[in-house]
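Everything below concerns the one structure shown next.
Going by the order they are written in, the chains are A, B and C; count residues from 1 in each one.
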Amino acid sequence: MRTRYRIERRALLTGGTAFVLSAVAGARVPLAQTLEKLTFQTNWRAQAEHGGYYLALANGLYRRAGIDCEIRMGGPQQNPAQLLLAGRVDMIMSSGFQALNYVRENIPFMAIGAIMQKDPQGFMFHAEAGFNSFEQMRGRPILVGAGGRVTYWPFLRRRFGFTDSQIRPYTFNIQPFLADKQAIQQCFVSSEPFAARLGGADPRVLLFADAGFPNYQTTIDISRRLVDEKPDLIQRFVDATMQGWTQYLRGQDVAAANALIMRDNQEMTQEKIDYAVRALNERGIVFSGDAERLGVGAMTDERWEAFYTAMRDAEVMPPGLDVKRAYSLRFVNRRVGLA
Amino acid sequence: MSPRRPLLSLTGVSKRYATGTLALDGIDLTIMPGDFIALLGPSGCGKSTLLRLIAGLTAPSGGTMEWPMAMHDAAGDVERDIGFVFQEPTLMPWASVIRNVALPLELAGMKRRDAEERAAEWIARVDLKGFEKAYPRALSGGMRMRVSIARALVTRPRILLMDEPFAALDEITRFRLNNDLVQLWAQERFTVIFVTHSVFESVYLAERIVVMAPRPGRIAEEVRITAPTERGEEFRTSPEYAAQCRTVSLALSAAMGGAHE
Amino acid sequence: MSENADAAPAAGGFMESTLLRILAPTLLALLFLGGWEMMVRVREIPPYILPGPIAIWQTLLRDWGSLSVSLLITLKITFMALSVAAILGLVLAVLFAQSRIIELSLFPFAVILQVTPIVAIAPLIIIWVDDIAISLLICAWIVAFFPILSNTTVGLNSADHNLKDLFKLYRASRWQVLTRLLLPSALPYFLAGLRISGGLALIGAIVAEFVAGTGGSASGLAYRILEAGYQLQIPRMFAALVLVSTTGIAIFLALSLLTHLLLRHWHESAMGRGDRR
């Protein structure tokens, strides 16, 4: 037995790649074992909301499962789904909407796990504005991102009587929010409020999930082909991932994972990570509902059905889709990480 | 000296450019109404400069220019009643023939319809009837020059100034235009000052040939042509014409003096 | 004893050249489209990777309702930006022609507009200006402005100096010189700048909307492209792209036609082959 080193490719923020020789912590593997390669693309720059993956990588959970996993960082204006479709990556970090898109467009891809039971998106506003409910935001200008316009917005519009004329473009810049005490903007509960606080504001967040928005977030999307060809590999990947998440949110052995996150994303700080982890736990983003029974990443037929129905009623999705084709339950609900 | 009042008197007129070159020095010239004057000389003798001075396009550095018969406008400037024909036809390429010829009238404030009516008359006078709507690009060089002449005459100016207008044309066209010009002048009796470097042309056209010398530009001599006013092909091949050409030629050589180019 | 202008060129030559001008690019386009469709079928490329022209055409027909609305909006922004650029460019160029001091002091700012990358400042403009449509208009205008200003300034300065003397001779007023001499002289240059700016205005409108990410209740083609991308409706994305390209071509042809109509009598650039003397 000896320590195995790995040459890792890291995507730098500047767009290049660097080859880094890194010791894989705690990895003792027999000589001559070959690892199977898998690439996983996230949907943003490295952050605590991806923590479980980085932990599984940094602490050798993937290696122990015989997987050479490469985590590719996403960013603004990137569309991981297109990369998945083009075959550039094996799996992507995604949301329930993409799974429904696959069914509608008859594309042979699907979701095989859902890390976040509650969608961590919501509207952020100043405490001074004093909103207590979504109804009170009717008629007010709201900063909505391009993706939001076709995902949560139609749901909210239908449920709370919003109109499209309220939409202002959200350019992922915190300044307009800081400048206007009446501003409302979309946010991830684990990210933007921290930046707002740094800017001297006192932000509050209303989660869409608390208003009944049933979307799964941080899902794992994969091609049917890969599922059919290598089900055992995929199962090992999912188990290792769920294990990683369980440990990460419980704060077990997170040092290496956070170091990896901060190296990949130069703008990330320990403060931000701590804030995000706290927010995820407080709001029950990952550990809630079905995940408490079935383990991290749990998915159920009922939930998917409810999600499709809500989107159909909001006219985001056409009627008559076979929603069962959007996902597979065979890899999750195995109570990974639960005592 | 004629008992009539002169149209223009130049006394000691000189022009020095900003570069220091003395283009004209001590020009004395009297122009009577109805004269046909040729300014003849080699390049550099200041004949074009003299023309531009008379036109008011540039101001003299010294001497006086008097227009005894002219009116003065509100600013005290002389109201010069002038038509100018450049060496290039200088037409507005975006405008038809009639729009070009009507331009001077419209600039003076005449209504468009009246201006075009008058323009049409002059277009016919220069033998271009039917080409009113044509654009300059569709015309030959000689035709464009006729348009330029029509434009110059449309305001019925007292003086027609022409700066080597036929130099760029072929000989046949030049002869034709020479005849047309002389005929027009005989009919209308405006004053013409015609700049040329051709002895033959000056003798054919003018009554008075002012021979100029260069460096500095000055008047060397004046030759009067005593020939029948009826200029035609017969005149061009007559012994009188040849004799006059010789006289003028000699005067020109004398004017150029020791300056060999 | 008058001369005759040459007769107009033979009718056959004119027909030939127009036919060729339309036939040649059409043929090439058909060849290209045919090759594309064949490649997609032969290699069994799924439509969500690269749709063939026929699939795109079908999507275009099916979604014509929403796509045509977006097309109209993008066209409106482009047209308005181009108009503002043309008017402002013309007025400013006239101002520059009147005063050298004004020209020297303002020209650097115009150059700054030219080299500013719209991708970078569009988000800022959208933040500063509250109205979406106006901020898109401003972005498109910024991109389209400079060529018109620059070209027209050159044009105004290129009037024939003999003609200027002629106007001086007839004691024309400044206004007369401007309207009867300088502006017509500048027309070919202005139109050349306009042709360039037409496409640029479209690009500006598209890029600005891309960067803005969202529009108000009405969105242009760029938003449709973004939206189709998010929804993985790839044939629709291509259909919107095709509309953008077609719009660009149409704008160019329209401006070329305008140029031809205005200049055909007198300017080298717009003359046919046979009219020269």
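Assume a contact is a pair of C-beta atoms (placed from the backbone, for glycine too) under 8 Å apart; a residue touches a chain by one contact, two chains touch by 3 or more.
Keep in mind that this is a model prediction, so the values were computed, not measured.
A.B. asks: Quick check on the contact network: minimum steps from subunit B to subunit C?
C.D. replies: 1
A.B. asks: Report the chain closest to the protein's overall CA mean, measuring from each chain's own CA mean.
C.D. replies: Taking the mean of all protein C-alpha atoms as reference, the closest chain is C.
A.B. asks: So, comparing C-alpha centroids, which chain is the farthest one from subunit A?
C.D. replies: Result for the farthest chain: B.
A.B. asks: Can you give the whole-Å distance between the Cα centres of subunit B and subunit C?
C.D. replies: 48
A.B. asks: On a C-alpha centroid basis, what's the spacing between subunit A and subunit B, in Å?
C.D. replies: Distance between chain centres, rounded to whole Å: 89 Å.
A.B. asks: Suppose each chain is reduced to the average of its Cα coordinates; what separation in Å results between subunit A and subunit C?
C.D. replies: 43
A.B. asks: Applying the document's contact rule, which stretches of subunit B touch subunit C when the two form their complex?
C.D. replies: Residues 55-57, 82, 84, 86, 88, 90, 92-96, 103-104, 107-108, 127-129, 131, 134-140, 142-143, 176.
A.B. asks: For a test of understanding, state which residues of subunit C touch subunit B in their complex under the given definition.
C.D. replies: Touching subunit B: residues 1-3, 5, 160, 162-163, 165-172, 176, 180-181, 184, 187, 265-267, 271, 275-277 of subunit C.
A.B. asks: Which positions of subunit C touch subunit A when the two form their complex?
C.D. replies: Residues in contact with subunit A: 46, 48-49, 123, 126-127, 132, 211-217, 223, 226-227, 229-234.
A.B. asks: Going by the contact rule at the top, pick out the subunit A residues touching subunit C in the complex.
C.D. replies: It comes out as residues 79, 81-82, 85-86, 98, 101-102, 105, 107, 144-147, 149-150, 163-165, 167-171, 173, 175-176.
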